[in-house]
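Chain IDs A, B, C and D follow the sequence of writing; residue 1 opens each chain.
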Amino acid sequence: MDDFRLAPLDASDDKLHEECGVFGVFGHDDAAALTALGLHALQHRGQEAAGIVAFDGAHFAVERHVGLVGDNFTRKSVIDQLTGPYAIGHTRYSTAGGAGLRNIQPMFAEFTGGGFAVAHNGNLTNAGVLKRELQRRGSIFQSTSDTEVIIHLIATSIHGRLLDRFVDAIRRIEGAYSLICLTEKKMIGCRDPLGVRPLVLGRLDGSYILASETCALDIIGADYVRDLDPGELVVITDKGLESLRPFENARSRFCIFEYVYFARPDSVVDGRGVYGVRKRIGAELAHESHVPADIVVPVPDSGVPAAIGYAEAAGLPFELGIIRNHYVGRTFIEPTDAIRHMGVKLKHNANSAILAGRRVVLVDDSIVRGTTSRKIVEMVRAAGAAEVHMRIASPPTTDACFYGVDTPEKSKLIASQLTIEEMREFIKADSLAFLSIDGLYRAVGEAGRDPAMPRFCDACFTGDYPTRLADQEEREPVRAIARFAEAS
Amino acid sequence: MDDFRLAPLDASDDKLHEECGVFGVFGHDDAAALTALGLHALQHRGQEAAGIVAFDGAHFAVERHVGLVGDNFTRKSVIDQLTGPYAIGHTRYSTAGGAGLRNIQPMFAEFTGGGFAVAHNGNLTNAGVLKRELQRRGSIFQSTSDTEVIIHLIATSIHGRLLDRFVDAIRRIEGAYSLICLTEKKMIGCRDPLGVRPLVLGRLDGSYILASETCALDIIGADYVRDLDPGELVVITDKGLESLRPFENARSRFCIFEYVYFARPDSVVDGRGVYGVRKRIGAELAHESHVPADIVVPVPDSGVPAAIGYAEAAGLPFELGIIRNHYVGRTFIEPTDAIRHMGVKLKHNANSAILAGRRVVLVDDSIVRGTTSRKIVEMVRAAGAAEVHMRIASPPTTDACFYGVDTPEKSKLIASQLTIEEMREFIKADSLAFLSIDGLYRAVGEAGRDPAMPRFCDACFTGDYPTRLADQEEREPVRAIARFAEAS
Amino acid sequence: MDDFRLAPLDASDDKLHEECGVFGVFGHDDAAALTALGLHALQHRGQEAAGIVAFDGAHFAVERHVGLVGDNFTRKSVIDQLTGPYAIGHTRYSTAGGAGLRNIQPMFAEFTGGGFAVAHNGNLTNAGVLKRELQRRGSIFQSTSDTEVIIHLIATSIHGRLLDRFVDAIRRIEGAYSLICLTEKKMIGCRDPLGVRPLVLGRLDGSYILASETCALDIIGADYVRDLDPGELVVITDKGLESLRPFENARSRFCIFEYVYFARPDSVVDGRGVYGVRKRIGAELAHESHVPADIVVPVPDSGVPAAIGYAEAAGLPFELGIIRNHYVGRTFIEPTDAIRHMGVKLKHNANSAILAGRRVVLVDDSIVRGTTSRKIVEMVRAAGAAEVHMRIASPPTTDACFYGVDTPEKSKLIASQLTIEEMREFIKADSLAFLSIDGLYRAVGEAGRDPAMPRFCDACFTGDYPTRLADQEEREPVRAIARFAEAS
Amino acid sequence: MDDFRLAPLDASDDKLHEECGVFGVFGHDDAAALTALGLHALQHRGQEAAGIVAFDGAHFAVERHVGLVGDNFTRKSVIDQLTGPYAIGHTRYSTAGGAGLRNIQPMFAEFTGGGFAVAHNGNLTNAGVLKRELQRRGSIFQSTSDTEVIIHLIATSIHGRLLDRFVDAIRRIEGAYSLICLTEKKMIGCRDPLGVRPLVLGRLDGSYILASETCALDIIGADYVRDLDPGELVVITDKGLESLRPFENARSRFCIFEYVYFARPDSVVDGRGVYGVRKRIGAELAHESHVPADIVVPVPDSGVPAAIGYAEAAGLPFELGIIRNHYVGRTFIEPTDAIRHMGVKLKHNANSAILAGRRVVLVDDSIVRGTTSRKIVEMVRAAGAAEVHMRIASPPTTDACFYGVDTPEKSKLIASQLTIEEMREFIKADSLAFLSIDGLYRAVGEAGRDPAMPRFCDACFTGDYPTRLADQEEREPVRAIARFAEAS
């Protein structure tokens, strides 16, 4: 799910951001409280806002709040509003400038046939085209979210039964989507034909659970059943679960970046433990780009597993040379200039007692703009490190994601503009190395990347997008003209 | 600084808590913003509330807020209230049931001679005795904080000059106190004669800084000058710094628990890097209580350095077998019962891909009540661990602290009630070992503990309190009588 | 504008309530601030919530707030959001249980042709029928307000130009509506074909103003131009004002209750000063139902002008025998039981120094349920009045209003259930008299009521509804069945 | 009760303001709810903030809130905090710039002998002198309120019993004070020796009530017993009421302005009904300054009773020619400039249908700065009045009040600077007349004012202050010097 509007990332937080986590419970007395817990476990997938829709057999109740799940959905007064054994929830990362409450999911609509709620992880690549078409027919949009397009497609479908209307709708959308929907009778789970975003099925005390990651099953003690297949649609009712395959050509192109950064290390996605993959990434990295050094230091927290893997493979000590301040609160909401200039130190401090005089291998998961990396290297050097060797646990990030990850424009991605040597110079490291794309595929258990039929979506590293990009293609000419106008 | 009222710890958060961090800047244009940053770096010493008092040469301004520094003191509207080149700040951990805004520090009073602000880390052991005496003479108390006792002692001193009145006041108080005070002319820093709580001096652009730990100097790029000595009083004015020694018998009994848990790993306290001490603690622990195992897993985050030290010393792999959810927000403010029962999982999840089938050495910093340890062991075992060996990076915590640390009553401390074998049974580990008190002293660089003249305050491990406990002694008879009445 | 959901009136506030005031400015630098002032002057038409939409030539800005205009729209931070020379606003009285922010007007939608905002005073009588039809076609409703029906009718109109679509829409709606709309080029004002609700046109510094009442022109110093005609549609653009007459059979049936109670006494509506009409009502009442007495006392504040008129006509002294407490604040939001039982005294106190021993003519504007009248009579008698003669400045209110006034169901209207003598007994007055319907028509300057073609909508007194009541007719059978089921 | 700090009145609200209302209940199950109601009835005496202290036999509970009683003390959550059968309350008018919550009354202190709460209506004239003396002895002040002086005087008294300490304290203070105090055993009521401010005793269901005005007894249905005498101290315990006379020379100098403006028209103060006094004031004014005219129009709401009296005495029609908007909300908290310039119209509108072509007698209660009067006259004339004759229901206000009324400095009082003819010119009226001081005394039932021994405090009209003004005398020299410095 993504807003149409693109906004620059906060430069002080130089990471790609997964935009959503989704969760649903069908048939449990504590459905809303379990959903709150599930969303809490998925908080790393989106920290800006969260929402839960519950159904008690007669009425739908909706609670949407800006802020962390743990700040808003642990209050009895909130959970008490969300009565009934059916609930779905959503946690989101909002692009800056996003339009407040009306874009918080789950979205809800009253159809003639009853209420319908939907939570969406992913991003449609033809939402703009569809939206204009719907508006011309008289649909009125309340949000800037592409998820609302799905709702209007259902509302205006010529079919009769809600499930037929839903299938009608998803056959018209393109892009990445893991959806959890709640109607008065059913919970529906659905992955796009490429299965770009994750969605797993679990069970707890006889009720069904859907969730973005297995860590959300763990928190409530639910059993993991299986991942949904790409293009699979499961319909859960009081009578049980039915699986549909509405797409002919579903083949898996799961997002490989989920392994690199997005997924929680204790999750098992697509059959692989994330923590283990990251350690193997670190080991691959050590093999590919060995450098004489004294210690291996992770950029916390995301670089830790790869750094452990690197240290083991390289036979070097693993040390916490950078300490992270976990009490960040809402620091960046409205900082003073003075604080803004202090930059990265609000979150990290270099531990000079460890670093002084040492040759340091610094392990981070990825480089987006490079500004944070530069500050980290500078900080480590200022703490006395003799040498700083930056090792990145993924290939260079050269291309934007259009599948539900908040990426800056291509021109802002340092790896799309500079060579590796230029990047090294920019971040002022003594050496810099990225993991190769084949190394990354090896870490997830493949022999390497098959360019003819890659097993994953790796567009951010390769520019090889597995779907049409209808909205993007419309924008490009406009931009070209604008650039021309500026230049002339 | 502590309230008179004692309140039980939240059982879900089974740690001892440092109660305060203090910070001050004398003579810098951005004094308040720097203080906010310093307090942010000291947030681990108290997360409940924070306050800053600033002076602009004419007026004192005060801002006190419940919540994190990063939530309240980064707003321009707040910092803009705090004009002037002089500022002191305080961040506090509040005991449950604490009385809201009026106990948030720094405290401020208007004396005949002008305004006076004070920030206090520590706890007075004769505050109750002094308070009753002051009330009998007509002093009216506005808070339940023992810090206010210091203010009234200054106000009612028979001396003329403010500094003389201040010295008069601190000569009457007993217990632990690192104080930073701000008057219209001076910033005063002061440690109690035993130097139980830390206080360091730094410099930035010609201005003086006082702070609880060096990590608060690092965040603003200030230079570390030195620790204040036990019983030392520094008076900073526009003319410079003057050091006074108002106590005859100052000798160091620094709190050894600061090394175990309170201080941030990147701080250097009393001349020793905390991270290094913790790794040596882990190594000592490995030597003292070796056990055959496959992996070493820390209880995050506080157990990490000791676990690294243990793993290195034992030659075992270090693994993140427990993942911490960092988005805890205000989870525990008003949880539903359902969530309360989920307990420790809100914060931690066991990584079964790592743990399954392994013999695990689990490293934690301390055990207070034991309830959390039991849940952690249970969780690790449920994730498939073959054996769980708990190793604690400190001696058994047998006695309450009266020097500014929030401890449960002695009877609630598991180590005061059970033998180590009984504790092992309670937490259901396969084995349990604590570091010895001599091992702890070795880790900080001593030969061992000299019972005749211990180098540190280690009362929580030994019951050997380095000061009188006047308030406590008054309460004890009452309790004894109450117990007698209950029993008969 | 009314919610579909009907909710009981607060028994402690036994009045009919106008549900809305509307206001618009086209072409003035301070459009939003002027609109805030206009809404403030119209606050008596709705105190629950208010909203303003402004347009700056490029973007629409929307601010909607629960509470008084003077509490929300005087803050610079709010007005500064509402940039541009075009603005419309709305203030509403919400029925209890109303659904919060999403029903606050003006409503706003993005059409393919651009943004469209609408503020509505009145109520549609076929909104339910239309809504179901629109939903069947795929329209998705976001509110429970009938105003949204108008927006969807415009969106789904088959016409091309926005103005044609708008005319298309209003030709399909039935009921009472004074509308002010804002598009990117125009401000549109419109009254239903019967002109049930008021709407006046004014000018200020060359810009056009639309408002519910002239008092909203006075507050900003605007000149009154004229009332819009029933069924008239004015389109205001940068080029000036154009008047359209899209209905064939427009004839005036202005709401006569606006004179009795709704309109502000300093407004001139439909060509008559409200204060003067009310005094004439009092005079008619004195002539129709003279009674020997010592003083004439108004029930404040609405009974004051009629009491002055009565006192003058009867040659009796006018006295403030009941004092109103103007600091009512939000008294009734969440009262304690104790306070709820104190009832009417929170607002009124009888002045026994005036009342004791006197024969009192008590003048009130209307009786809805009768509960408040009973308390008032009791209070006046408890203050020592020798006799209490209640005189009501309108005919008995026997029927519900479906044109934008919040009335209880017919069965809750005391005058629909009891004879005048029974009502007298219920309220425990010594005598009770209502103004006759002819007397009311005389007070507004007519010879009397012509039953064949009444000059006003007086349905609340006569049950003679000037339009179809499509939604109501659908509900009635259901209710009849429900009553039958209950009885059997 | 007044802050030490003086601040200018909001020019848009050109009235003198009573600064407080006080209320207390001893021995009633609903003590706090009754107190809330009593304060609500006294809201006209102070709208800025209110507080209640309740005692349940074991604990004192305190609730203080900025805003109206009806906004804050009707919530169950608030009243439920205030348990117990003993409660006192206070409502205050804050001078601009006042220092927030810490000055809201009742004030509360813990003495060695137990808790003590006090609510104060009035102002001490030697609070500054006493405060400095107390500070020199070591007392620390938490507020800028002079009421705190009383508390410290009690705390530092050399006497033993609390009642003796209280008498000791009030013998040292000078000025105006009606106090209600609550201890663990007693409720104390007390008026200063001149009885400047009102305080009445009532009974309800066997419990005692103390209140500023009788309207606060009426609202809860309590019986009026009597006014406290000047200098009287009543001590109410479970055993009943005891009256003490701690002052030798008590004689009545009740504030005559209470009749002119402060008291509510339905109150009976000092034995006279306020509404009746105001009507007689209007009659006296008509006799003293008759002018040919067509209608008598009050400046609402305070001018209404005098206008009725004037109209009756002059044989002219009484008309509501100016309509007041009662929905003022918090209009003046943060107005935009645009709104600020609209000025008086936010509250008032002239009813041109009444005024046009008429010769108008405009009746207001007083003139402070004259700025509002000028706007009112201008507004009435703009509405078409042929002549505007301003009649003021009090003598010219020439001097500041130091007894608990918020007055501007003498130099800002128009009547201290200009002759009546100059004032007429300033406000642009056709004629202007004030009531004579003897006329005012006649209206309250005296033969006239006896300059040797005036029956009332009329210092604001005469400059004849009935007490020493110790603080004021200290300030004057300083001001004289400042003026000299400015001039030279």
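One rule holds in what follows: contacts are C-beta pairs under 8 Å (C-beta built on N, C-alpha and C of every residue); 3 or more make two chains touch, one makes a residue touch a chain.
Since this is a predicted model, take the numbers as computed values, not measurements.
For the self-contact between subunit A and subunit B, the two sides draw on mostly identical residue numbers; the shared fraction is above half. Taking each chain's centre as the mean of its C-alpha atoms, subunit B lies 51 Å from subunit D.
For the pair subunit A and subunit D, the distance between C-alpha centroids works out to 63 Å. One finds 37 Å separating the Cα centroids of subunit C and subunit D.
Of all residues in subunit B, none touches two or more other chains. Viewed as a network of touching protein chains, the structure reduces to one closed ring of chains, two contacts apiece. The full set of touching chain pairs reads A-B, A-C, B-D, C-D. Residue ranges on subunit C touching subunit A, taken from their complex, read 109-112, 132, 135-142, 151-152, 155-157. Those residues of subunit A whose C-beta lies close enough to touch subunit B in the complex are 30, 33-34, 36-37, 40-41, 43-44, 47, 67-71, 74-77, 79, 215, 218-221, 264-266, 268, 273, 275-276, 301, 304-305, 308, 312, 317-320, 323, 325-336, 338-339, 342, 345-346, 349-354.
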